[in-house]
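Here is the structure we will look at, set down as structure tokens.
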């Protein structure tokens, strides 16, 4: 296409007006007559035997319509899937229970469900359910949990549920060659998604006995899992996905859906269930804490020659997606660096903490904290500029990932993005007062977009050109706020030469829309973007061919612009789109298309030594910050924050910048204030008063710099940005703190107290 | 199921009579920024909610020549916007500007913040350095209570179930005009103090004529550092004195460890906050 | 169960309904169809439920429905009817200040009320003014841009 | 207007209500209890689509004041089946194709069960006579009558 009309233009999103006017109906904004209210009874203990459950009193309470426990669930033991098309083997299919049975494994685990006429009655019913527990010791530290003889969280003989590795070269040789070796251990914390919309939905049975679930979910393919739990055919459960009030991976696993389905099935009535903020923080998945031991060696000239890493991730009480997350961490353990000798070993371990699963970044931010801190240390030891040492070691096009050996055939925008992010900091700020010290930090990284290739991922999309020249799109794509839905409209508008206002899209409904796969893994622009592009181009071809006959010119001389089929380079000569459509309809030419896009497929790798391609492609980025550290209180203020990514091609620059700005602050919270604190499995940060995310008053104006290499696998060369955008910032901040006060923080978050304890060692000795 | 009742007296006397009748069944509400979450968490059950938010006589700020009166129902926003407070009780004004966030400041009241009796209470700390007096009433009875005698422990005060605070007063004086409040939180808005300090100071002939030092979040209640005050009294201000005073402050505070910070850090940072507040005031003079 | 009559005006529309003493204004408004008022935490810690009462912003989750009786309430749909509200909406849409949109109604309400009283703030003042409204998606940059653009227009 | 408290049993469940003296039973059933099986057809007692059983007797809920059902027992179409087990009359309507658009069906079925209670072995004329208050626009009544007869010949009465 000569030049873009819609794609690449910063434009208001399709969904923006409904949102700004408060008209968009989120999961909790919708009700049905006769609707019941559901509540969940949750375990008081992180680890305990369930001796007995007595629901009789609760059932007798007036207005209570159903009380369910594990024995009422047709298939209570199930495994986490997320819509993959290929069989990937037991290693990845983590068991979880819909309702706790015999044993509870974390505090807040669901034990019983209640549906009642009002929320108050449902809550009262919870108090009337008598559960007799026998507390068990439990285990809360993944390192402890790995030891032989440790308390067993599950029923298997070990707490280790995932065990991955990859290696290249010879690390013995590497360490022998190295002039300097740094060995260190880092820890990162539990993180909550903290979307402002908690998990929620409503369910009902339609006239044909189908369970309809209207819910905020990143994975509408879960309709199959819900059907399996109830023992129903898959076509008897329908997901109607709402626009989400934020997802960040927290709405990737099933949240309320199974509970809703069970209660609706039992009562035959509509049921609503919405989590409280406390429930959301206490009972739903978290980002994995990792314990990471690194030993890295480099030559005097700053060249990295060897990396040996051991990663241990805390899966919490049930596997969910932990093995996948740990695999991501394994593949990303060496970062975007060329290191000849590498060994990575990683373990994924059950504990009696709240379960962990997908959280924006999916195992990538954790190792990034370590390798970017370590390379910063090398830079200082060798007295090399932080940008230079990254130049010396970073991957470039044609090079291979140092963990798996996957070769980068697509464009690698390193060190370009690093140079731009670093330069964008501009002149250093004046030091505000004598007690504050200014420092700067840089970090680079990479993250895949699109599913692991052995999952054989695909997406489908349907596009129809109506007889009046308007367009209908049907795509199962869920939208968690990133503008996924609007992005598809832009692509179609571009290809068919019509304005956005002429397009209507139906999304995220398993009864109405072809399945587009999950809004996870930063895959939708790549996968559903391509599927929709394919469908649109098929229709474009039909229209142009027909117009070519009528205009009697060669089809490749024609273009679709402004609702016209125009002759390129002579736009005075054209056929109105509407006439081309008429002609097609008269001739019986199909002006609709359901297209499928498949990602590259590979076989499941040897997980003990992962080699070759595991992801379709990666997004490369860099972030830089300038901080002021208060040397007396330890408080850190981020004064400047720049973020630069090669996004391939920005379909809507506003949305892409939005991801980069939001991702940066999401990562800033990770670095400085956010931590779900658990003491022996009991969460003591259950609200937004204790779980501290940044407010507007805490953030700098993020400077987002887009590099558009066109080198991506998505439509028009686009890459994914959603998760990569938050995966690099934390170490940049840690490096800036070091630059300011010479303190290396090795556990997140970098609280004022941690900084002061390191700065004022003598004081705290006494 | 929890059964609540609701009354909204329009006058102080009406309210007092209701309290006398209902006693412990009554729960006074006004700004609700603490009460409603507590009701949700079932920490408050089956009470008569006595909504005093419409009682005009308990609102507003009056500056007389020798003292300043603050109605307990005065919102934090009203403190922020008050010329009188800015001039006569600047330390309170500084604290009000850092209270919670701009929206909550429109609901939360001074009286509510005091009776909530949090060790971190952002209004209690500056009012204590202003040496404020509370006017407390029950049916047929009025008494003045020193604010420093008001707090017993976390969430506990001497206020009886049939009493309400009907006024908060502090003197118009040089020392009250010269104060500094510093709050150390983990973020810039919606923060609960890790530690906070208010200092009011009067210097005559280069000597410390009068000083009041109060800290929040470093003891079971907001605490007045009388020993440190004694130590400073009548002394000349110099760096050596301040260094010594910092140690005194760290001895005198009695913090605990919680999710926001450890006991050790709080003790340490108390000294820093003192130094900063004190220097700010002495440099100003 | 003891219920009391609540009569108030929401966006100029008279609402009369029974409420339990402990019911929050937030629950009351949503129950009566004003779902543009969002529920994020029910503890006054996120600001998604912000409404305007007598020219003041209030987090409706920490106010009793009964306390709002007789009062005039403006939600996001109410400020939309005023020029400034409309301007803010357009600015939010055009600057891309909206992602998931869940915090948007609360922030628009806060911004509208703030600009009414402070027509030409700088960026830092705007950040302080909306520091009671959390947003998890945007990093606030484009939200501040959107409000600032309207403020700049006010200057002209 | 002052509201009066009434209590009645509907499909086996006791319900309490505060109603205005002029509230109609059909509105309570459809709008407050969400039992939408009872249909609103004409509002003047001409079509019978709103028929429910009051103490076993068919009544037109659009002409019945709610206050008058205080202490009585109401059955609507939703109360006929036992769980997933359909009432014989419901089965009969299905098997005899007596259901087309389905709007009159609930009232037809309820009236028919009442008929068989009163008169276990009605003739076709008696059936047509008893059912005359329930209008059907689709079926021409033949299959409806057949359905009811099938319950008679089946010897089952409800």
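Chains here go by letter, A, B, C and D, matching the order in which they are written, and residues are numbered from 1 within each.
The rule is simple: a residue touches a chain if its C-beta (ideal position, glycine included) is under 8 Å from a C-beta of that chain, and two chains touch if they have at least 3 such contacts.
Keep in mind that this is a model prediction, so the values were computed, not measured.
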item	value
Pair of chains with maximal C-beta contact number	A-C
Chain located farthest away, centre of chain B as origin (C-alpha)	D
Separation of chain B from chain D, taking each centre as the mean of its C-alpha atoms, in whole Å	68
Distance between chain centroids, defined by C-alpha means - chain C, chain D (Å)	49
Interchain centroid distance [CA atoms averaged], chain A/chain B, Å	44
Approximate Å spacing (C-alpha centroids) for the pair chain B, chain C	29
Where chain C touches two or more other chains, by residue	42-43, 45, 128, 131-133
Shared interface positions of chain B, touching two or more other chains	1, 101, 188-190
Chain D, residues touching no fewer than two other chains	none
Of chain A, residues touching chain C in the complex	10, 12-13, 15-26, 28-29, 193-198, 243-248, 276-277, 480-483, 654-655, 657-658, 661-666, 687-689, 693-697, 699, 701-702, 704
Footprint of chain C on chain B - complex, ascending	1-6, 8, 29, 31-33, 36-37, 39-40, 49, 51, 53, 77, 100-104, 106-107, 188-190
Residue numbers on chain B that touch chain A, as the complex places them	1, 101, 184, 186-192, 194, 259, 261-262, 264-265, 268-269, 272, 276
Complex contacts: residues of chain C adjacent to chain A	30, 35-43, 45-46, 48, 75-77, 80, 89, 92-96, 98-105, 108, 123, 126-128, 130-144
Footprint of chain B on chain A - complex, ascending	120-121, 124, 632-633, 635, 673, 677, 684-685, 688-690, 692, 694-698, 751-753, 756-757, 760, 763-764
